[in-house]
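Mind looking over this structure? Questions follow.
In order of appearance the chains are A, B and C, and numbering begins at 1 in each one.
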C-alpha cells in the first residue's frame, strides 16, 4: 500500500504553468529576427521550461522492481508502461476502459491501466503480464491459455490472463456462468471465449497456487 | 489532453479548499469517467485534486443503517458481507454495472457523479447544452434511442448512467457532503437534478463540496429484491433501461415496496406513486402490471426511443416478479 | 499441437506494430475534419507548432508530395477504374467526416495528442449525403460490371427474369444490415522509419506485407527491395488491414519530414471512420416455390454503400447463385456512393451479408410451406454447381446438416413459432448455411537446413490470428518427417519468400502447398548433396531419406549417415525457394467450403433480450491441419456472427455525417457472457482438387450463415421476423 504522506501542496507546484504557453509565445512579439530563428529559440526554451514544470517525481514498484521516475501528471499508467518503460505486454485496445486489454494488477487488484494517471499510483505495486511468470517457468494460467488455445491474434491475451488470475483469486471462478460474467470486462474480438473459460476452469480445478 | 496541476490531498479540508477556490479544479478518485472525458476533451480541468488518500473507505454500522465511505470501491461494497445481508439490492445493482476491473477502480462517490453517456455530450464537435450551454441539444432531433422518457427539457434529454444510484434512490439513502461552509446531508432523491434550463449541472453539489459517505437506512428489504437491467449484450453495457425493485411481503401481501428506474431520466427515477399502488395488495402479476401502468404515466418518447414506453412497464413487471420470487 | 507462438503471446513478448523500440522515436497524432463534405479554406497550425515537444504539423499546405502519388478518386486518364484510395494531405477536399487533415508529430505521445487539439481549421461546407435509404434511387452498376459482363458484380440471369413474380407460392422480403466495424482489439498502428533517404522500414498492422510494400514503394518511387514491411504479430484485423489507409501514408510522410521514426496509433473513434467497415446494405429477395418445396425462382437484389472516391465491391449475391437448385434466378448488385470513408471486406465479407438475406428467406419460405427448414434445404440441394454447370470439387454439406441437427437437438424444434418455453424464456431453433470459394493463389516459400539440424522456413505471409505459423510448421514437419520442434517457420516480413495477403480463407490453400513443396525440394537437395559426398546415399530414393538428430539416415542401411554440419558446409548453405501455383482444376470444378450453423436461442417474453444458448457450427472445409486452432477459428467466427445478429450497429447522425457510436461502449461487440457453449464439427474429408493437402479454408464460412441462424431461431422462438439487423430488445418488445 501507499506509504507516502505528502503535504497538501501541488506536486507540480509552479502556478505559472498554465499560462506557460501564452508567455512563451510572447517571444515572437519581441523578435524582429527572421521567423525560423525565433521558432527554434522558442522551441528550445519551451522544451526546457516544459520539462522542468510538467514532470513530477513518482515512485512505483513494477514487477517487483522499485522505480523512481519523473512523469507528466497526464500520463496514464498504461502509457507509462508502454511508452516510457517499454513494457508493451500491456495492450491499448480502446484507451477508454471499454475492452480490458490494458488490465494490470495494482496492489493485487485487477484494474484498467488506461483509466488512471500514473501519478495516482505513488508507492503502489504494479504487476503486468511480464511479471507473471517465474523466470522461464510460466504461470499456471499462462500454461493453461497455451494448452487450451485461449487466444488467436494474442492482442487481448495479456489482459485476459491478468484478469483470469484475478478472477480465480477473487473466488469468482466457481462455475462456467460465473467465469463468463466475471471475465466480461475483457473483450476478445477473435472470439476465443470458450477456450478462455476452459483454461480458467482447468487452473481452478488444478488447485495450483495462482 | 491538456496539462494540469496535480495535487495529492491528505486532508479533506485542504482538498475542499483547493477545489472551492478554483473553478477549473476537480477532485479525482477512481478516475474511470473523468480520465475518459479528459482524453476526449469533454472536460478540461486545470487542476486535479487526488482524494484517494483520504480516509473515506470504510463501510460501518451507524444510526440504524450502513454508512458507506465515498471512496469505498464499487467491488468492495458489492462484496461486503453487511451490504449483502442488509442491502442486497445495492450489491445487485453494483454488480450489474461496468466490469470487474472498473468496479475495482470506481468509488461510490464517483459512481454517483458519472456524467451522461449521451453521444452528443461526448463529441466536442457536436451541439450539447450540458457540455457547452447554449449550443443546443444534439439528441433532441438526433439519434435518441438511449434517451429520456421522463423529466427532460428542451435543453437536454440525456439520462444518468449509474446503476448503483438507482438502488440508492430506491433505498432512501442520504448523501453526506463536506464543503467550504461545513457539512450537510442531502436526501438521495435530491442529489441529482433534472435538466431544466441548466443541464450543465448534474447534481445539487455546491462548488468545492466533497461527498464523504452515503448512509443507507436499515429496512425490511433483505430478501425480495431485484435489479433488472435490460441491455444490448449480456454484460458490460449501459442499460437501455433498468429497474430496482424491493418488496416486503407477508403472507402474500405487500407490506412495503420500493421501485426506481434507471436509463429513463436525467436522474435515477424513483416511482413513488407506483410503490403506493403495490402496498397492501397481493404480490401477483396483476398487481405488478397495475403498478407498472401507474409508473409509466407521463412518459413521453422521441423518434428512436418509443420502445422504452413498452419496455419500461415490462421491465417493471419482470423486476417485481423476480423480487417477489426471491 | 499447441500454437508455435503461444509462449510469446502469453508472456507479452509478442511485439505488435506500435511496440518496436527505435532510437529517437517520435509520435504522430491525426487531426480529423469536423465537416463531412467541402473544402478546407484555412488551417491554423501556429499554436500547435509552438506547443512543447512538437516537431512538425503537416497538412496539405506543407506535406511533401511522394512522387508516385495518384489523385484521390476517379482518375480522368483511366475512367474505367474503381477509383484511387484517399491520398492524405494532397488536396483541400473533404470527402468524409474525420478525414485526416493534419498530422502532429511530437517527442512524446501526450504532447502530440495535446497539440493535435490545437490545430484549428476553417471550411467551406457543402451538402453531404450519408444516408443509404435516401440514396437508393441513385444506386449504380459498378464500373467493373459495366466493363465486364462476366464480372461477379454484373447482373446474373438463368431461366426467366424475375420469374418469382408469377409463382403461385411466393414471398418478397427486404433485409437490411447496418454498417458493422471490424474493431480488432489492436488499434490500427504503424511505426515508419526512413533508415536512409531511399530506404523505408514499416512496422505495420497489415494483412499483406508484400501488398503494403508494393503500395508504398510505388507511392515513393522506390524499388520494392528498398521498402521493408514487418508484421510479425497482427492483433486481429478481420479484413480491415487489406487496404493501405490514410494513417499509414501520414506516418510515412511524418517520418520523412522530421527525419525520425514515427509511431502512429489510431484512436477507437478513428477506427470507425478511416479504416473500412462492412457496408450498410439493403437487400430484397423474391422467391417462389412449388407446394412440395421446390424453389422455382429467386431474385436477389442488393445496394451497398461505398465512398465517393472508391467503388467497393463484394460478393453479396454469390451464395444465391449456387447454393440452391432454382431454375430461374436473377441477381442485381448496385452501389450507392456516400460521403463516407471507403468500406473494406469484413470477415465472411459480402457473402455473410448476402447469406443473412438468402438464409432468412429460406426460413420464411419453409414456414410458408409448413416444411422443416432443413428438409426444405435438402429438397433444393445442389449436387453440382447450377451457376457454372460444373461438378463440385467436393461437397459434404449434407453430412454437416446431419451432424449439426443431431448436436443441437433439432428434433426438439417445433414448426409452430413460440411453442417452446422455459419459464419466461421462449426457446427457438434456427439454421443458416454458409459458403465461400476455396481460393488458391500462387506463393513462394523458402526452406533451409541449419547445421544444428533444424529447418528454417520463411514466408512473407502474415498470421493475423488463425494460426498460420502453426499450420505451416505442421505441414513442414509432416512433409519432412521431422518433429515440429525442429521446424522454425518465420513469417510476416516482406523480405521473406513472396506470399499473398492473408485473407479470403486462402492462406493454407495457397501457402501450405508452397511450404510442402519447399520441404520436398529441400529433401531432394539434401539427398543430392549426400549422394555426392557419401556413397551410401548415391542411389538412395528420396523417400528413404530420413532425419535424425544430427544427421540424415537411410532406411534399410543403418550405418549410412550424412551429418547436417557437413552437408551445410559442403554446399555453403542448403536454402531452397520454390513457387507453388494452382493447377488448372479450378476450370473443371467449382471449389467451395461449406458450413451450416445451428442456433438455439432464448428470448425473454418481457424484455425482448435474446441469449444464444447453444451454437453448433459444422464445416466441410477439406482437410483440417490443426483441429485445435481450426476449431478455435470456427468458434470465433460464430462469436462474430452473434455480434452481427444481436448487437453490432454503427450509426451516423446524418445531419452532421458523424458517427454517434464512437467507441466500444456505444458499438457493442460480444463479451464473454454473450458466448454460449459452441460446438464445432469438421467433416475433415480432403478435397481432391484444390491442392495436395486437401484443404478448402475456414475463416469466412465460420461466420457466414451464423447471423441468419440466430435470426431464424428468434423467429422460431417468438414468431417475430426481424429483417433489419441487429436484433436488439427494442425490436422484440
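The rule is short, and it goes like this: contacts are C-beta pairs under 8 Å (C-beta built on N, C-alpha and C of every residue); 3 or more make two chains touch, one makes a residue touch a chain.
These numbers come from a predicted model, not from an experiment.
Asker: Which chain's mean C-alpha position is nearest the mean C-alpha position of the whole protein set?
Answerer: Smallest centre-to-centre distance to the global C-alpha mean: chain C.
Asker: Looking at contacts between chains, which pair has the highest count of C-beta pairs?
Answerer: Chains A-C share more contact pairs than any other pair.
Asker: Centroid of chain A to centroid of chain C, CA atoms only: how many Å?
Answerer: About 31 Å separates the centre of chain A from that of chain C.
Asker: Quick check: how many Å separate the C-alpha centres of chain A and chain B?
Answerer: Centres of chain A and chain B (C-alpha means) sit 28 Å apart.
Asker: Between chain B and chain C, what is the separation of their C-alpha centroids in Å?
Answerer: 41
Asker: Scan chain A for residues touching two or more other chains and write them down.
Answerer: 54, 72, 74, 95-96, 180-181, 184-186
Asker: What residues in chain C touch two or more of the other chains?
Answerer: Where chain C meets two or more other chains at a single residue, that happens at 110, 114, 665, 670-673.
Asker: Provide the list of chain B residues touching at least two other chains, using ranges where the numbers run on.
Answerer: 1-3, 234-236, in rising order.
Asker: Residue numbers of chain A touching chain B in their complex, please.
Answerer: Residues 2, 4-13, 15, 17-18, 54, 56, 72-74, 76, 95-97, 100, 103, 109-112, 114-117, 119-120, 122, 163, 166-167, 170, 172, 180-182, 184-186.
Asker: Using the touch rule from the top, collect the residues of chain B that touch chain A in their complex.
Answerer: It is residues 1-11, 14-15, 18, 28, 30-32, 35-36, 38-39, 46-48, 50, 52-53, 75, 98-102, 104-105, 234-236 of chain B that touch chain A.
Asker: For the complex, give me every residue of chain B touching chain C.
Answerer: By the definition above, chain B touches chain C via 1-3, 41, 117, 119-120, 122-123, 125-126, 138, 141-143, 145, 228, 230-238, 240, 307, 310-311, 314-315, 317-318.
Asker: Touching chain C in the complex: which residues of chain A?
Answerer: 21, 24-25, 39, 42-43, 46-47, 49-50, 54, 72, 74-75, 79, 82-83, 86-96, 98-99, 101, 128-130, 132-133, 138, 142, 145-147, 149, 151-158, 161, 179-181, 183-197
Asker: Which part of chain C faces chain B closely enough to touch in the complex?
Answerer: 34, 110, 113-114, 117, 424, 604, 606-609, 611, 646-647, 651, 653, 655-656, 658, 660-662, 665-666, 668, 670-674, 726, 728-731, 733
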